[in-house]
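Below is a structure I'd like to ask you about.
We call the chains A, B, C, D, E, F, G and H, going by the order they appear; numbering starts again at 1 in every chain.
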Amino acid sequence: MIAIYVVAAIAVFAVIRATIERNTGRKLPYVNVMNFAVAGAVVLLLDHPLALAAAAAYFVGSTLEANAVASTYAGGERRG
Amino acid sequence: MIEYLLFATFVGLLFHGIHRKVIARVQGRPGPPIWQEILHTLKFSFKQTWIPKTASQALYVGIVFVAIAIWSGALVVLLTGGSILLLFGVYLLHKIVEHGMGLSTGSPYTKFGAIRSVISAASELPLLVTVVAIYFFTRSLSIADIAAYQAANGPLLIIAFPAAAAMYLVILSKMHYGPFSIIEAKEIVSGNLTEHFGVWRAGIEVAYALKTYVLLYAFVLIFIGALPFWLTLLAMLVVLVSLSFVCAVTPMLSPYDTVTIQSLATGALVVYIIVLGVVMG
Amino acid sequence: MTPEFILGCIILIIGVIAAGFPREKTYLSRLINLEIPAFGLLLIMLAYDEMLALMTFIAVTAISTFVLMRVIERKEAAR
Amino acid sequence: MLGEFLHILAAAAVSWILFVTVDILFKLPETGGVSGASAIARDIEAGGGALAGGTMMGNIVCSPDASAGTLLAACGVYVAGIPGGLAAAVLVYIGNRICHDPGYAGTTGAVLATFVIYGFTQIGFAATDFIAGMVIAILTIQGLSHTHASRLLARLWRVRE
Amino acid sequence: MDEILVLLFAAVALIGALGTYLQRDPFNKLIAIGITYGGVLPFIIDRGYLDVAIVVSLIIPISTIIILPLMRRDLRDT
Amino acid sequence: MTPHRSIITRISATISRVENLTGLYALLFVIVLVFGLITLPSISYHEDPLYPKTLDPASPLDPYDRGGVPFGTTPVKSQYPENSPYAGYVTAYLSPFSQWLADTTLHMGTTIVAHPGGIIDEILYNTRGFDTVVETSILFVAFAIASYLFRRDD
Amino acid sequence: MDAVTYSIGLAVAVIGLIIGFAAIVREKDDLHRVLLTDLAEVLGLVVIALIATDLAEALILPGLVVGISELMAVSEVYIAKEGLKAPEGPAFRLEVMDSAPGILALILVAYGIVLSGFTGGAVAAVGVVFYFMCRGHAEQFELIETASGYAWAIWIAAFFVFMFLPQYWFFGVMMAGGAILLKVMAKMSLVGTMRRGGPDV
Amino acid sequence: MFNLPNPQIGGPELFVLEFGDIVAYFSPYTTVLFAFALLFTIFVIVSRPERQVDIAFGGDAYYTKEVEPGLLRFQRFMAIACGLATLGAMVTGDVFNFTLFASLVGITNIGIVAAYRNRHVLNAAFQYGIVAMLATIPLFGGAAIVVASTGTLSMWELFTTAVTVPLIAKAFLVLGVMGEGMAPFYIAKAEITRAQGAPFILMVHVSSLLLFLRVMEIVISM
C-alpha cells in the first residue's frame, strides 16, 4: 500500500514548508496540508469505522485551532 | 517513678543554678547562689496567677502541661530503655512548646520569641544526624541495645565522635545564656517566657529543669554508656560545666547566623554519614 | 524500547529545555513551551499503555493552562 | 506499484476538480467566512497572490470545506462504503457548525464525493487512492506555491462570475 | 507501522517540538504545537486507542484556544 | 553593613530572605539529583511487580483486559489479598452499557474500562481506597482555599 | 517493560529534573516560578509513569489531581498577594467562541459522564471550563460547592462500603465512580467560573 | 499475621488497622506522635485565637486587633483538616499513602496562612506554596522509585532486611517532607508566624515537625 507513504511524505514536506515560512498567515495553509495528510494517515493506519471518527475529530479540531489562531491573528471579531 | 521525677526536677534546677554560677565566675562576677533557681521556682509557685486578657486561653494554659508531660515522658523513655528516636521526637516537640508559649499570649515580645524559635529550628537537625549515625553503628535505636553495644565495643564518644559533637551542639543550643539562645535574648524582654508568670512560669521552670536533666542524662547514656548512678550524675555535671564555659566565653549570635552555623554543622555531619555509609557498606 | 518511548524522551528533554530556558523570556512563550514536555509525557505514557492516565493528563493540562492563563492575563493587565 | 501510483494521480485530478468546483459554486472565494480567513487572504495577497484565491484558501484553512468533505468521504468509503461516506458528511456538518461556517460546501462536497468515489471503486480504483489523491490535490492548492495557486483560483472565480 | 512511517511521523513531531522552541512569535509557536500533535497522533492510532485519540484531538485545540486571550492584538500593541 | 562580611554572614543574609526560599530548595534538590544520577545505575527494575499489565490487542478491552468472569473472581496480584476479600470482582465487571460497547467495537477499551468497574477502579476504590480518600480531600481543601480567596472580596 | 527501558527512562527524567530545577534556581520572578512548577509536575509524573504497571496509573491519577489543585490554590494566593484585578475593557471574542463551546462541551461532558471516575471528571471539566470561558456564566458557587461536598461524603461512604461491607462491592464501585466524577467535575468547573467576576459577562 | 519487622526502632506494633493494601499501624513511637497530633487538634477545636497587641509608635497607644469571624472559621477548618492529615500521616503503613498525607498537610498549611490580607504574610505563603508544590515531585517520585525498584509500597515489606530501598528514594522522601512541612527551611515560616491566630499557626509547626519525625522513622527503618 503506497498511499500511506505518499501521505506521510506529504505531511513531512508540508511541515518543513510551514516551519520555514515566516509569515503567520501564509504558514497556516501549509499546516492545513499537514492536517489533511495526518487525517488521511489515521484512516490508512487503522481500517475501522471509529478511525473515521478519529480522523474527523482530529481534522475538525485542528481546523478549529487554525481558525481561532487566524482570527486572533486578525485581531479578533470586528465589533461595531 | 514520681519520686524519680521530683529528684530529676530538683537536680535539673540545681544544674541551672550551677550553670549560672559557673558563667558568673568565668566572667569575674560573684553570681547567684546555686540554689537560686530552686528558690525562683518555689517563689513563682506562690505568686498571684491569672491569664492575660489577650491570650488564647486554652493554649496558654495547655502548653505548660504539654511541656511538663513531654519531658517527663522523655525521662521515662530513658529509664525504661526505649527508643532514642522517641527522645529525638520529644526534643522536636519541645519546639512546639516554645512556639505555643510565644504565640498564645498576643504580646509582641513573646511573638518575637516565637518567631526566633521558628527561625532557629535548624538546631534540631544535628540531633537527627546523631540518631542516624548511631544507627549506623549499633543497628538499633533502643537505649538498651546501645548500652549493650557500648559495653562490648567501648563508648560511642570515641567511636562516633562527630555524632557526639553534634549532640553536644544540640544541648548547647538549648542552654540558657548560650551563643544560640536567641529566643531569650534580652532585647525582646524574656522572649516567649515574658507573659507566663506565677504558677505557669513555675511549671515551665520545672519542665526546663527536666529537659536539662534528660538531655545531659541522654548524652551520658548514649555516648559514654550505662554507668553507676553517682558516676552518671558526675559525668552529667562535667558535661554541664564544660557547656557553661562555652556559654560564658561566646557572645550571642545574630538570629540567622545561628541558623547558618547549625545548618553547616548538619551539612558536615551529613557528609560524615555518607562517608560512613560508603565505608561501612 | 518502543519508538514511542524514544520519541517521548527526546521531546521531553527538548520541552524541558524550552520551558526552562525559553528564547524569549515572557510568560506567554513559557506557557506555550510548557506544552512540549506535556507531549513528551503523553508519548511515554502511550509507550506504557497507560491510557486512562494519558487522557486525564491531557484534560488536566488543559485546565492548568487555563489557570495559568487567568493569572497571566491579570498580570499583563496590571502592567 | 506504478499502477497504484497512477491511480493515485488520477484520483488526485478527480478530487481536485470535484472540490474546486464545489467550493467555487458555493462562493468560497467571495468573502472570508471568519476574520481569520480574511487575514490569511490579506497575507497571501501581500505575498504576491490574488485576493479572491487567497480568500478561498483562507476559508479552506478555517473550516471544513468541500476538500475536507472529499477527504473524509474517501475515508468513510474506505472503512465502511456508502454509509461511511454519509457518516463522514454528518461529521463534516458538525465540524462546519463548530467552526462558525455559515455555508454547506463541506457537507455537499462530502455527499457528492461519496458517490463519485464509490463509483470509481467499482471500476478498479481503491478508496485509499482517493485519500492519498485528495492529500496531493490539497497540496497543489495550499502547499506548493500560494502565489500561483491563488491566481489560478482567482481566474476560475472570474469564470464563475 | 513500519520504520519508514515511524521515522516520518517522528520527524513531524520533532520538527514541531523544535519549531515551538526556536520560534519567537507566539502565533508561530502555537502553530508549531499543533504540528507536534499532528506527529504524535499516528502513534496513538497505531496502538489502536481510538477513543483516546478522539478525546485528545478535541482537547488539544481547546487548550490552544485557552491560550489565545493572551495574544489579543489590543492587549499586545499597547 | 560592613564591607567585610564573613561567609557565614553572607549565607545568613541569603537565607533570611523569603524570596530566596524557592531557589534554595531547588538548589538542594538539584544537588540531591546530581548525586542521584551517579547512583542511578544501581537501581534496577523489580521484575515481579504488583498489578502487572497484560496486553491483548485482540481484546475489546485492550489495554486493561485482565481476564476473569464478570461477577466472579479475577486473579489480581495485590499486596495483601486477604484484606480485600472481593479483590478481582471489580476487575471483570462490565456494566450493561460497557458490555454492549465491548461487544460491538474493538478500539474502545479505555472507555469501557473507565466506566465504573475495571482494574484501575479495583485499585483506586478497593485495595488502595484510602489513597483516594486522601486525594479527594486534597482536592477539596485546595479548592476551598481558592474559592475562599476568590470570593473574599465580593 | 524491561529493566533497560526503566533505567534509561529514569535517567532521562532525572536529567530533565536537573534542567528544570536549575531553571527554578535561576528564576527570580514569582509568576515564572509558578510556570516552572507546572513543568516540574510533568517531570514528576514521568517518574511515576515509568513504573509501568496498573499501579502506576492508580498513582498518576491522584498525582495529577493534587498537582492541579495545588496550582489552583497557589495561583489564587499569587493573585491575592499581588492584588491583581480582572482586566478591564471589552472581553476577548472570536467567532468560534460562539459556535464551538456548545457542541464541544456537550461532547466532552457526555463522554466524561460515560467515563466516570477521575478521568471522566477531568474530561467533563474541560468541557465545562471551555464553555464558561467562552460564554460567561452566572455565579453559582454555593450550588457547585454543595454538590461537590455531598460528592465527597458519598465517596467516603463508598470507601467504607469497600472496607467493611465488601460483599456490597458493586454498590461501592458505582457510588465511588459517580461521586468522584461529580466531585472532580464540580471542582474543576469552578475554575472556569472564576475567570471574570460578575454575572454580566 | 502482621509483625513489625524492626521493633528496635520504633518499638513493636500495638494495634493494626487494615484498609486493603494499606495497613496502618500503631507502634509506641507512632502512638506518641499520634497522641500529640490529636492533642493539638483538640486545642485547635476548643481554643479561641489570641488577640494580638499592636503598639503604635511615637505614643503610648496600643490596641488589640480584632478577629474577623469569617477568617476565623476558615482557618479553624483548615487547621482541623491539617490535624486530621497529620493524624493520618502518623499511623499510615504505606509509603504512597504517607506522601499523599504529606501533601495534604502542605496544602492545608498554605490554606491556614493564605487567608490573611497582610501582604508580607501572603508573600511568605506564596513562596511556601511554591515549595510545597515542588516538594510533591520528590515525594511522589520517591514513592515511585520505591515501588519500581522493590515492587511494593507497604512499609511492612519495606522494613524487612530482605528489601533494599535505593538511597535516592530515601533522599527524595526526606527532601519532599522537608519541602511540604518546611521543616528546616523556616524562613518562610518565620514570616508566617507573624500572622494572627496562634492555635492555627501552631498547627503549621506541629504538623511539619511530626511529619519530619515520621519520615525519619520510615527512612531509618527502610
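Assume a contact is a pair of C-beta atoms (placed from the backbone, for glycine too) under 8 Å apart; a residue touches a chain by one contact, two chains touch by 3 or more.
Note that the structure is a prediction, hence the values are computed from the model and not measured.
**Q** By that same contact rule, can you tell me which chains touch chain A and chain E alike?
**A** F, G
**Q** Would you mind checking the shortest number of contact hops between chain B and chain D?
**A** 3
**Q** Under the document's definition of touching, what chains do chain C and chain F have as common neighbours?
**A** Touching chain C as well as chain F, we find E, G.
**Q** Suppose chain centres are the mean of their C-alpha atoms. Which chain sits farthest from chain D?
**A** Chain B.
**Q** Could you compare the number of C-beta pairs in contact for A-F with that for B-H and name the larger?
**A** The greater number of contacts lies at B-H.
**Q** As a quick test, compute the distance in whole Å between the mean CA positions of chain E and chain H.
**A** The mean C-alpha positions of chain E and chain H differ by 40 Å.
**Q** So the centre of each chain is just the mean of its C-alpha atoms; given that, what is the distance between chain F and chain H in Å?
**A** Distance between chain centres, rounded to whole Å: 20 Å.
**Q** With chain centres defined as C-alpha means, what is the inter-centre distance between chain F and chain G in Å?
**A** From the centre of chain F to the centre of chain G is 13 Å.
**Q** Please compute the C-alpha centroid of chain D, do the same for chain F, then give the distance between them in whole Å.
**A** A distance of 45 Å separates the two centres.
**Q** Can you list the residues of chain F that touch 2 or more other chains?
**A** Chain F, residues with two or more chain partners: 15-16, 19, 22, 26, 29, 36, 40, 43-45, 49-50, 53, 63-64, 84, 106-111, 114, 120, 126, 128-131, 134-135, 137-138, 141-142, 145, 149, 152.
**Q** Which positions in chain A touch two or more other chains at once?
**A** 4, 24, 28, 31, 46, 48, 50-51, 53, 64, 66-69, 71-73, 75-77
**Q** Scan chain D for residues touching two or more other chains and write them down.
**A** 34-36, 94, 98-100 - these are the residues of chain D that touch more than one other chain.
**Q** Can you work out from the touch definition every pair of chains that touches here?
**A** A-D, A-E, A-F, A-G, B-F, B-H, C-E, C-F, C-G, D-G, E-F, E-G, F-G, F-H, G-H
**Q** Flag every residue of chain F that touches chain H in the complex, lowest number first.
**A** Residues 15-22, 24-26, 28-29, 32, 35-36, 39-40, 42-46, 48-50, 78-80, 82-84, 87, 126-131, 134-135, 137-138, 141-142, 144-145, 148-149, 152 of chain F touch chain H in their complex.
**Q** Name, in rising order, each residue of chain G that touches chain F in their complex.
**A** 1-3, 6-7, 10-11, 14-15, 17-18, 21-22, 24-28, 33, 51-55, 57-58, 61-62, 65-66, 69-70, 72-73, 75-77, 79-80, 111, 114-120, 141, 145, 148-149, 152, 155-156, 158-159, 162-163, 166-167, 169-170, 172-174, 176-178, 180, 183-184, 187, 190, 194, 197
**Q** Sort out for me which residues of chain G touch chain A in the complex.
**A** It is residues 90, 92-97, 100 of chain G that touch chain A.
**Q** Quick one: in the complex, what on chain G touches chain E?
**A** 87, 89, 92, 94, 96-97, 100, 104, 107-108, 111, 123, 126, 130, 133
**Q** Applying the document's contact rule, which stretches of chain D touch chain A when the two form their complex?
**A** By the definition above, chain D touches chain A via 1, 4-5, 8, 34-40, 42-44, 46-47, 57-58, 60-64, 67-68, 71-72, 74-76, 78-80, 84, 87-88, 91-92, 94-95, 98-100, 126, 128-129, 131-132, 134-136, 138-139, 141-143, 146.
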